[in-house]
Amino acid sequence: MRLLEVSDLEAGYGDVQVLRSVSLHVEEGEIVAIFGSNGSGKSTFLKVLIGTLKPWGGTVKFMERHVEDLPPEERVKLGIALAAEGRKLFLGMTVEENLLLGAWVKKEKAKENLERVYSYFPELYEKRRELAGDLSGGQQQMLSIGRALMSEPKLLMIDELSLGLAPAVVDRLANILTRIREEEGISMLIVEQEVSLALDISDRAYVFDLGEVVDEGRSEDLLRRDSIRKTYLSVL
Amino acid sequence: AAVSFTGKYAKEGELLRRGYELWKETVNRRGGIKIGDKRYKVEIIYYDDQSDPKTTAKLVEKLITQDGVRFILGPYGSAQVFAAAGIVEKHKALMVQGGGASSKIYKQGYKYIFGVFNTAPDYGKNLIDLAVSLKPKPKTVAIIYEKDIFSEDAARGALERAKEKGLKVVLFESYPKGAQDLSSLMIKIRAKNPDIVIGAGHFRDSVLVVKQLKQFKINPKFVGLTVGPPVPAFVKALGKDAEYIFGPVQWSKAFNYKDPLFGDTKGYVEAYRKKYGEDPEYHSAGGTAAALALQIALERAGTLDVEKVRKELLKMKVETFYGVIGFDETGKIVTKPMAVVQIQNGRPVTVYPFKEAEPVYPKPPWE
Amino acid sequence: MGILPQLILESLLLGTFYAFMSLGFSLMWGVLNIINLAYGTYIILGAYTAYTLYTGLGVDPLLSIPFSFLLGLSFGVLLQRVLIDRVMRLEPFMVLILTFGLDVFLSNLLNLIFRADIRSIDVPYAERSFVIGPVIVTEVKVLVFFLSLLLTGAVYVLLQKTWTGRSIRAVALDREGAQIVGISPGKVFAVTSGLGTGIAFSSGNLYGVLQGFTPFDGGMLTVKAFLVSIVGGLGRVESALAGGLFLGFLEVFTAFYLGEGWKFFASLLVMFLFLLIRPRGLLGGKYYGEV
Amino acid sequence: MGKYERLIFFLLLAMGLLPPLLTDYWERVLTLSLMLSSLSLAQNILLGYTGYPAFGCVAFFGIGGYTTALLMKDLGLPFWVSLPIGGVVSALFALLIAPPLMRLKSHYFAITTLALQLALGELVANLEFTGGAQGINLPIYVGPGGYLIFFYLFLLLTIFAFLLNVYVERSTFGYALKAIREDETAAETMGVNTVLFKSVSFSMMALITGLSGGVYAYWITYIDPTSMFDPLLSVKIFVALLLGGVGTVAGPLLGAFTLEFLSEVLWGRFPKVHGVVLGLLIVLIVLIIPRGIWRR
Amino acid sequence: MEEMSLLKVERVSKSFGGNRVLKEVSFTLEKGEILGIVGPNGSGKTTLLNVLTGIVRQDSGSVLFMGRRIDRLKPHQRARMGMGRTFQITRLFSNLTVLENVIIPMHYGGGGADERKAEEILKMVGLFELKDRKAGNLSLAQRKRLELARAISVEPKVLLLDEVFAGLNPVSVREILELLKKIHSETGVAMVLVEHVLKALFQITKRVIVLSEGRIIYEGDPEGMAKSEEVVKAYLGERYEAPRGQRS
């Protein structure tokens, strides 16, 4: 079943258009990666999906249902979660409180999921009584992802997956995500700059440029595609 | 006139306004004020100063600059009068007031301010004079006062006289304007257990002081309050608890003088009773007297020229229902006495220096 | 000396009332990040409600507390929905101005209806008191003390239902963040504002029994609530208690030893110093003005 | 100066020619408007450019006013000497308390200044030499020009405040203030001495506000703690700023005049309910034009 | 007399509450040198930069800049001595324009402000087209670039860069790398790069320090780092063979 189906999405800020006719879909149980040039509208796209930015046009269907007019909190209830760029953490609350709040729409399973997230990120367990605002940059990133996991979403969206994370943590995270997908069938939509990583863990990927989808396909195929190799893999 | 309709001095302000209104109606019924050859109907513009001197100042400024008023009847409250005075003086208008008794008003070198009240220290002095004349002679006194221009003056009068008469002042302390809880002061008074308690404040505080004295079970032999007891509302507010409390008055209906407008003091009392259904007390009388003084000066001057009217006021020495009205060069009245009343059987009766009845002393404890 | 027990008793009784009175203010501040300058006037509104019910229908002001609370609750929710929600998005000081405008409006409206005269709710037991050894105890104050304690406890329990409490704070810290985890900020704002205003109104009943009031006394009460919140720290019941007692002691002792006139000044000075030196309060955690 | 700034400058100068055409009453209204203008322009330096809302700025109005009044009354100094001293005292006081005070931000700062304002008011009310709660009556001005002199004084003050705003808007000094407004830590690491700049802008505000208080005291002749430390005046300043538009040079002027005229009209029309209407007005302004007239 | 180091950090320690974040950290930075600092999340890298720039005051130890102790200096004073930095979590003047964001530090950090020069710098970091945009409205990568522009605009003696490559796509990483190299060769500015994007870091630095739990556990060249067991365990991860970038 198509979990998420976006067609012809247009969006922007003020009168500056950022997204132009973006269409994209995510199947159930699939991990989809988005990469592409900076400023091409990836974060904007996720903002529209979670609902903190209103689209100008186009449709967003989640589980066959139109959600483009729902406020964010309703979408979260339906099973979408976002670990946002800029993190949007509750800096003045403790790490544990931040995580618990992630379970707002799944309160009955809060305790259980807390354990789970702590097992993924022991760093957070150590810091659970400290304020989120006092965490290091990378720790905040972990917290943001951990919080998104707390609601047991059907679709997990992560902006800048590896941002500021140490290599060891990135590896661990990659493992965790593939495992969660296998065990729980959660779908994911991931924005990641590190293209080899993105293609490593995803089934399919989209390439954004200047607000448009310029390329898409199965990750293995893209990895082999020359244009991609040239622009994104061989530069360093 | 800018008068307090609301706020802390709403009660006194209303009484003052009654005094003005009675005068206005009486004069207008008689055909108005005769100035030169013309007769003028009296019109009084009122504004509510909400018992706030700053507002008074603003309103008087407005009366003079916007409404073009030249002759102003004063507001109630010394601070209000004080505030208004500066403005009146600035614009060289003329104010006659029967609402402020602070002596400070007359120490500013103002030329255009006249007042028909004895100054505040006399309030305190009269109370002490009465107290020491009673047997058994009280020995200790506690004086509390509201931190305002009039009350402080009155309290200082009492303090001075108490020292002169050899009383021991065990407490002399102020509380802020508008205070509504005096627990701390009461605790202090209770610890000192004085024979006399003098409270210098205004109507509201008088009620509060009595209530809290009772609440804290404090039983002095003599309770004197500068403002309150002569006002009918005082008994209404306190009922039985008002009994035997003393209060000084600028004027009482026991006075006996002739009057150009009302015939004599009795005539005034009757006119007042007819209009308002109760006896006048000194706030209203002060208002009427102030207006009367202005009227007489206007008629004698025969012109609306402020300077000339002022000269007439300075020269004046006339007998009215209120006593003889005459001012010194600072504008202060210098020609009339004061009195003290005590609440007996729910009514204020004059007990000093003229005696309608004997004072009850010492005061029995609260029930 | 014999006077000390009396002073301590007075401070305790008064302080507990202050704690309850300030709870709503502290809650709205800690949670909505709003300093509600109309708060004091909410209390006064409560006092007038109790006054009207008492003089009109003879309902004892202590019995009409639930009614005041409900009235405040609806009023708070309404205000939040109609006014404050829209302004909260702007800089914080805009809400200050808005609530100040509200304060001017409400107090003048009261003045229009009731005039500026001092009113008091003269319940028959108002002047009753009894003596224990060196201290004299005023019955009303004791009643108010117990009621304050009881109601404060109730609020404490309410906030301990952690999900509500937590959601409330989350929204305050990052509105978009809260939405992302599925909380509806609008609802949370309304609940908090309603609760806070309800507390203000019901404390008005107690205030009205304790002493006289006029439409313009709100400003001073806001300052007191503010002081309690600053001294104690924000948004927590324990902090409000600490702050309330602090203010109680401060007022009674300065009034006694320095004179009534210095009471308010002392409070303001202490508040000023607290803000400068320890803006997080005695018990408080981090405050929000700083990241 | 830019084009429209020059225009406003000349308009202000031209106002100096108005008095012969005015009645006593309008002269008073204009004088009040100018006073409010100078106050909002002063606040604009602080709030508009530095981002610190000094809700209790009237503290300095009081300091300036009382200093001026006391110097005249107790030391018998002439007004022309007392006034500048009043302004300087107020500015120095600001400079002194700014470093600790301005560690606070946003409404913490706002409220702390308000506490300061109220505390000073209480202090003045309790002290003897300040005349206590009764206030002070000042001698009446009898010099050349009569009461018109106050109109010109406030006009001068407004022009001074206006020029200061233009300076801040244009100068590198202003850039520093704006940087502080946006992110203080970042500004600091970019080399901006934030404590110094904040303090100076605070003290500029205090200088103008203090001078304004001094002129007001002599003009109104009667001052007392409630009128010199009046929270309502603080709010009026902020409402004027909001109404006009924060952070622009023209906004505060526009706001002050509009507000003063409006409240004068309301005052006259609805003497009983003006308080209610004023409150409503504040609420409406915040709701409807939160960014001010000028910005729109 | 021996040539003095540009920056000398001696036994610097710092705790937050009971949490010891830096433990006697010492190192030196020579003029014109480029030093990389890496380490697990929360190992104290950002805190170290905060100590160097004066945003956080260390509990003990000292910092010498150009031979002078600067422990007591305020951040702005250090900035004027020639320290430029970027923030990991960007701290721009969000309501001012991109251009103004660059002009301000030029005023207060170093020489005079010159709009022309500011525009030049924006061109270098690739933000010229956006110069009139409000800084708050930039995308993550754009903000990072602006942080960098601000830091270099004052022509500092040392550039302290906190994760400038994070969030940049490979193309951008390349551009910024080239830019840094160019600036370095032209001005000889010393740099400290805190970074997790190792493949970028290793292209520009010859010496790295690895922090772990506030302690320096390795100091030396990049190759040696990947061979150090301790570093692999604490930071790189067991499966790590060589820095990713060197694979392709």
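We just call them A, B, C, D and E in the order they show up, numbering each chain from 1.
Just so we're on the same page, a residue touches a chain if its C-beta (ideal position, glycine included) is under 8 Å from a C-beta of that chain, and two chains touch if they have at least 3 such contacts.
Nothing here was measured: the structure is a model prediction, and the numbers come from that model.
Give me the step distance from chain A to chain E, shortest route via touching chains only.
Contact-graph shortest path, chain A to chain E, evaluates to 1.
For chain D and chain E, which third chains touch each of them?
Common contact partners of chain D and chain E, which must touch each of the two, are absent.
What whole-Å value do you get for the distance between chain A and chain B if each is reduced to the mean of its CA atoms?
79
Taking each chain's centre as the mean of its CA atoms, how far is chain B from chain C in angstrom?
38
Counting only Cα atoms for the centres, state how far chain C is from chain D in Å.
31
Check each residue of chain E and list the ones that touch at least two other chains.
None at all.
Show the residues in chain B shared as contacts by 2 or more other chains, in ascending order.
Those would be 147, 176.
Mark out which residues of chain D touch at least two other chains, giving numbers and ranges.
Touching at least two other chains: 125-126, 272.
Touching pairs of chains, all of them, please.
The set of touching chain pairs is A-C, A-E, B-C, B-D, C-D, D-E.
Using the touch rule from the top, collect the residues of chain B that touch chain D in their complex.
47-48, 52-54, 57, 61, 65-66, 78-79, 82-83, 85-87, 89-90, 102, 104, 108, 147-149, 152, 176-177
For a test of understanding, state which residues of chain A touch chain C in their complex under the given definition.
Residues 50-52, 71-73, 76-77, 81-82, 84, 87-93, 97, 100-105, 107, 131, 133, 147, 150-151 of chain A touch chain C in their complex.
Residues of chain D touching chain B in their complex?
Going by the criterion above, the answer is residues 24-25, 28, 125-126, 132-135, 137-138, 140-141, 147, 220-222, 224, 226-227, 230, 268, 271-272.
Quick one: which bits of chain C touch chain D in the complex? Just the residue numbers, please.
35, 83, 86-87, 90-98, 100-109, 111-112, 219, 223, 226, 261-262, 264-265, 268-269, 271-272, 275-276, 279, 287, 289-290
So in the complex, which bits of chain A are touching chain E?
Within the complex, chain A touches chain E at residues 13, 35-39, 43, 85-86, 123, 127, 134-142, 160, 162-172, 193-196, 231-236.
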